[in-house]
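Before we start, here is the structure in question, set down as structure tokens.
To keep things simple, chains are lettered A, B and C as they appear, and every chain counts its residues starting from 1.
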Amino acid sequence: MPDTMQAAWSPGEAEAAPVVLEVQGLAVDFPSRRGVFRAVDGVDLVLRSGRTLAVVGESGSGKSVTARAILQILDQPGRIAAGRVLLHRHHTTKGAAASGGAEEVVELSALAPRSAAIRAIRGRDIAMIFQEPMSSLSPVHTIGAQIIEAIRLHDRLGKRAARERAIDLLRQVEIPRPETAVDRYTFEFSGGMRQRAMIAMALACNPSVLIADEPTTALDVTTQAEILDLIRRLQASHGMAVMLITHDMGVVAEMADEVAVMRHGQVVERGPILDVFERPQHDYTRMLLGAVRALDRPSPRRLAMRAANPPGAPLLRIEALRKVFPGQRRIFRAAAPPVIAVDDVTLELRAGETLGVVGESGSGKTTLGRCVMGLFDGLGGRIEYVGRDGSQTNLLGLRESALRPLRREIRMVFQDPFSSLNPRMTVEQIIGEPMLVNGMLSGAALQRRVAELLEMVGLPATAMERYPHAFSGGQRQRIGIARAIALDPRVIVADEPTSALDVSLRSQVLDLLLDLQQRLGLSFIFISHDIGVIRYFCDRVAVMYRGKVVEIGETEAVCTAPQHAYTRALLSAVPHPDPRRRGLSGRHRYTEGA
Amino acid sequence: MLLAFIVRRILWTVPFLIAVSLVSFALIQAPPGDYLTSFAATLAASGDEVDQGRLEALRERYGLDQPFLVQYWRWISGVLQGDFGISFEWQQPVANLIWERMGLSVCLALGTLLFTWAVAFPVGIYSAVRKYSIGDYVATTFGFIGLATPNFLIALVLMYIGVIYFGSDVSGLFSEEYQNAPWSWGKVLDLLAHLWIPVIILGTSSSASLIRIMRANLLDELHKPYVVTARAKGLSEFTLLMRYPVRLALNPFVSTIGWAFPQLISGAVITAFVLSLPTSGPLLLQALLAQDMYLAGAFILLLCSLTVVGMLVSDILLALIDPRVRYQ
Amino acid sequence: MSVAVTDPREHRTAEQASQWKLMWWAFRRHRLARWSLYIVVALYAIGALAEFFSPFDPDAASARDVFHPPQAINFIDTAPDGSWTIRPWVQGHRLVRDRFTLEQSFVVDPNRKIYLSFFGKAEPVKLAGLFTIERRFLTAAEQGERFFLFGADRLGRDMLSRVIHGTRISLSIGLVGVAMSLVLGLLLGGISGYYGGTVDMAIQRVIEFILSLPTIPIWLGLTAALPQDWSPLTRYFAITIILSLVTWTELARVVRGRFLALRGEDFVTAARLDGCSQARIIFRHMLPSLASHVIASITLAVPLMILAETSLSFLGLGLQPPTISWGVLLKEAQNIRSIAQAPWLFIPGGAVCLAVLALNFLGDGLRDAADPYAQDGR
């Protein structure tokens, strides 16, 4: 049953709250044989109790290193080269004996990384949660053991009392049946539950500062919304200062009171959230915001293309498609239960259109794409392909040899630009491979064609003699696209082609695909978990949930007026890169069977 | 969950044991000519009278004119009742010859395993935590040399040093007065006083590889995110090291019982021969050279079963210390 | 994410560098492995050209030279008048008999110098049974003179020549054995990894079973069953087969693991979608990625084979004289009396250690370099 939750948020009054943590001119060096690498360079930050500071930046900007430097838990051989980290202990905070608003300042950066003094602060005054809830918790200790350890490390509590407290913490982070959950192992939990357990551990000693290092990056968008919501509510009830490290402008807009934008180890812009989002001063901030906002609305170019040339008759009809992965047979044990990956899916793709398939992990969207490519056996239903001459073929049950001519017309672009190109072949060999094995071109003619394809995807012809390892992720994805269009296909199945790329590159790759669509008359099946990308790029969208298509329609219609409860929950969970819209949409929770 | 795992794992051992017994029996059968021809030949050679009736009885007993599987069946049913056949070289039932030697073999293997652990655990941890320190280099060098030198060569060199520089004989497991004496406390102490030399010789290569494994595993674990988490909790470095990465790096340690046991038992055969230890190795070798196949087959069967059981024990211990294994 | 090429000089060319070039670069940085490579190459060269490198016929016995001690080689020849020339020589020894115990022993004879010459003439011998050579790497300047750099054994045979001939057999048994296990390993591991399912499970169980066996007793049992009257060559091959029956499992595991990993790689799926035939997928797309790993595991398997052969022959169940291998030579060092009298009988053991160490380091280096595309971090 969908229910709505209102998130509390009050802008302004930022200066009123007391300062709990200050970072002044922090610099972190990583010395190596080839010289010293300065990962963080002159960073100033201020955290106030009850407020959230978001530190935002792309990979390698030094945001995680900053967080670790605060607690002096830098990886070897990192060390603080300059600057100070000051912790302000107020009388409200535990541990300070003073009363009546007296304040004690501890200079964390002056303490030795292995000293008892800094250890007494870690986990007690400042707690931290991490990106990978699976690998950040020990797999061989129970959740309870790890929480109890954190409690008893700083508080003199008996085992029984600590256990009671651990159960209480698990209850606070809304883990169902905390009395039994306390004795379970991390691998028995889902990703979201693990992150909740991690948060419970961080809260064990009522810290005054919580550092959250990309806490939701590894999670699905609906789980992300729940975790963010949890952090916000716990912050309100515990009065913690939160330092939220993220690369996602949507999360920043949703959570932060103040923002610090980092790049190459420096803070390029800092200020209250509304200022940064509405009046960005630095070019980099503007670029980041621009890239995110571009993906929050339909591509104008696509709309123009469709107005001039509306989609035609259906090219590909998927009827009642079903794929079940049988459970593994095991000796001396019952077989594992089968998994229904794609459950009775019916879709059609029209000539010249882009059909989006959106869903969270495990929804079956990737399996659906691979079914269309004929990569699986044992399918139920039909996949009918209408050839150039109007003939209709059912792809299902065809032999590999009969599929071969069809695979020239239906091509695929993969998600991971690193594993989809054979590292042992040159770009020329990679792009030339489909033309060579299909006996279309060879020798000098093949080379000319590869050069032509490279230019079509915006790479120089000289790229062809290099190996894939010489290219960045975005360039590799272009090579993959060149390989896909080499056979002059009609349909391209693109499986999350942008999800491995930085935000700023995503719209570039999408624009390239639009460009190719116009020049070559392509139709796309575009698989993604990212509503923003779908909205930008797709004409129609099918929403998948647990193997089923729960809703299908024009993208704008689905995005603005979703019909199915799951779609509503999914859309409401997407954080908008606009701080004024937070809490406006409210959030829906989808529970199946309601 | 754990109980189900153990039951399943024990069930798994049964086909393995059957396969082991088939292999052993195939080895018994492998030499050309059947067992009784050799038996008769030995008897004739030693000038004994060949009693045709007795030969016939034996032929009947072991089903020597029957197909392989029938012979196997007769042999294995005998083995299950403790009858391993007759050693023609010793002219007595195999069962009389093997048990004490097998016991000493197991003693030696277990002792070596303990030695290996006692050396490899601290050295491996030290080597990983103080990577590229002088101690680490020493351990690594020792490790490589231990791996490259065959056990029997170490044994020979030790014997050489013993004879030339100390004028003492390091071979054997007992002093002369206890050699044929019945078991007593004195004999046990005497055994312990002699056991350490073969233990060290056998233990070098397995501790060398275990140190390398421990070091590599711990190095992997030391950089896992959960270590950072634990550090962020405020644990001291030593507690942290012992409670988390070492705990996880223990898995390969426990699985050594599985893979080191076969290796130890293998290595023990040759080393025991060089040092003339009263364990199963030298007798096995003698039996093989004399083609006394029932005796040899019994040893091979028992040694192989021992390693299969070692695997079983290591898998169960692994499930005890690592919950992930249980739930697989 | 950066590629594992760090030397800035290499960056420009790295973009166009093939797999093997990248591997070589990664390997070159591993100093120990590079030196080991030189040693391994040198050992195999000595083994291949054994007749050229050994000063004497390894089977030439001489009652006069029983347990002759090793002689150190000198390069500077000082004449009685104090002048000197560069010329290799060894000090001659004399046999004396203790007047009371009648025990024989060698003493240094200060008046006798045996001059040696590099590339000097000696009795013609067929090199590896192919063509005749007259010159040897090192001989006595005067034909017919004997010298013993590594000493002599109980029949007065030159240990140096025997160790060099042993090198041929011991090192080649490693290669031949590994070649056999490679065939088995590639075949079964490939089948296991490519097809998966029931076949995979069956092969996996067999491998597990073999790994759980103590190898030496099984090897001993098998070699004991070999007929005693087989020719040395037949026995040689029979023993390599027996050794590879056990060692193929490790290779099969590597091959299977890589195959399974590769099967899931997107570029293999892409090749299938490109229209490649199954054979082309395997040979053009999968095998090249496999080759480097297989080479590394082969290198690590060779020393195991060498050790196994040495152990078996040492126990008298492997190769038999007149075949010469390091293990056969070490058999001479079995009893404590011989080694107390002639500790140089240990020298073949040193050769075993050297070869095994060098091959291990080489294999480690190759394994580290085997995947030049491994990305930093995880």
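One rule holds in what follows: a residue touches a chain if its C-beta (ideal position, glycine included) is under 8 Å from a C-beta of that chain, and two chains touch if they have at least 3 such contacts.
If you want to know which protein each chain is, UniProt gives these names: B = ABC transporter permease; C = Peptide ABC transporter permease.
Everything quoted here is computed from the prediction, not taken from an experiment.
Student: Considering only which chains touch which, label the overall pattern as line, ring, star, complete or other.
Tutor: If you draw each chain as a dot and join those that touch, every dot ends up joined to every other.
Student: Write down the chain pair with more C-beta contact pairs when B-C is set against A-C.
Tutor: B-C
Student: Of all chains present, which has the mean Cα position farthest from that of subunit C?
Tutor: That would be chain A.
Student: Measuring from the mean C-alpha position of subunit A to the mean C-alpha position of subunit C, what distance in angstrom results?
Tutor: Here the centre of subunit C sits 52 Å away from the centre of subunit A.
Student: Approximately how many whole Å separate the CA-defined centres of subunit B and subunit C?
Tutor: 27
Student: Under the stated contact criterion, what part of subunit A meets subunit C in this complex?
Tutor: Within the complex, subunit A touches subunit C at residues 34, 373, 375, 404, 407-408, 411-412, 414-416, 418-424, 426, 433-434, 437-438, 465-467, 469-470, 473, 480, 483.
Student: Write out the stretch or stretches of subunit C touching subunit B in their complex.
Tutor: Answer in residue numbers: 209, 211-218, 220-222, 224-225, 227, 303, 307, 310-311, 314-317, 330, 333-334, 336, 339-340, 343, 346, 349, 352-353, 356-357, 360-361.
Student: Which positions of subunit A touch subunit B when the two form their complex?
Tutor: Those in contact with subunit B are residues 68, 71, 73, 75, 114, 116, 119-124, 127-128, 130-132, 135-141, 149-150, 153-154, 185, 187-188, 198, 201, 331-333.
Student: Within their complex, state which residues of subunit B touch subunit A.
Tutor: 8, 11-12, 223-226, 228-237, 243-244, 247-248, 321-324, 327
Student: Across the complex, what residues on subunit C touch subunit A?
Tutor: So the residues of subunit C in touch with subunit A come to 1, 3, 6, 14-19, 22, 265-267, 269-277, 280, 285, 288-289, 373, 375.
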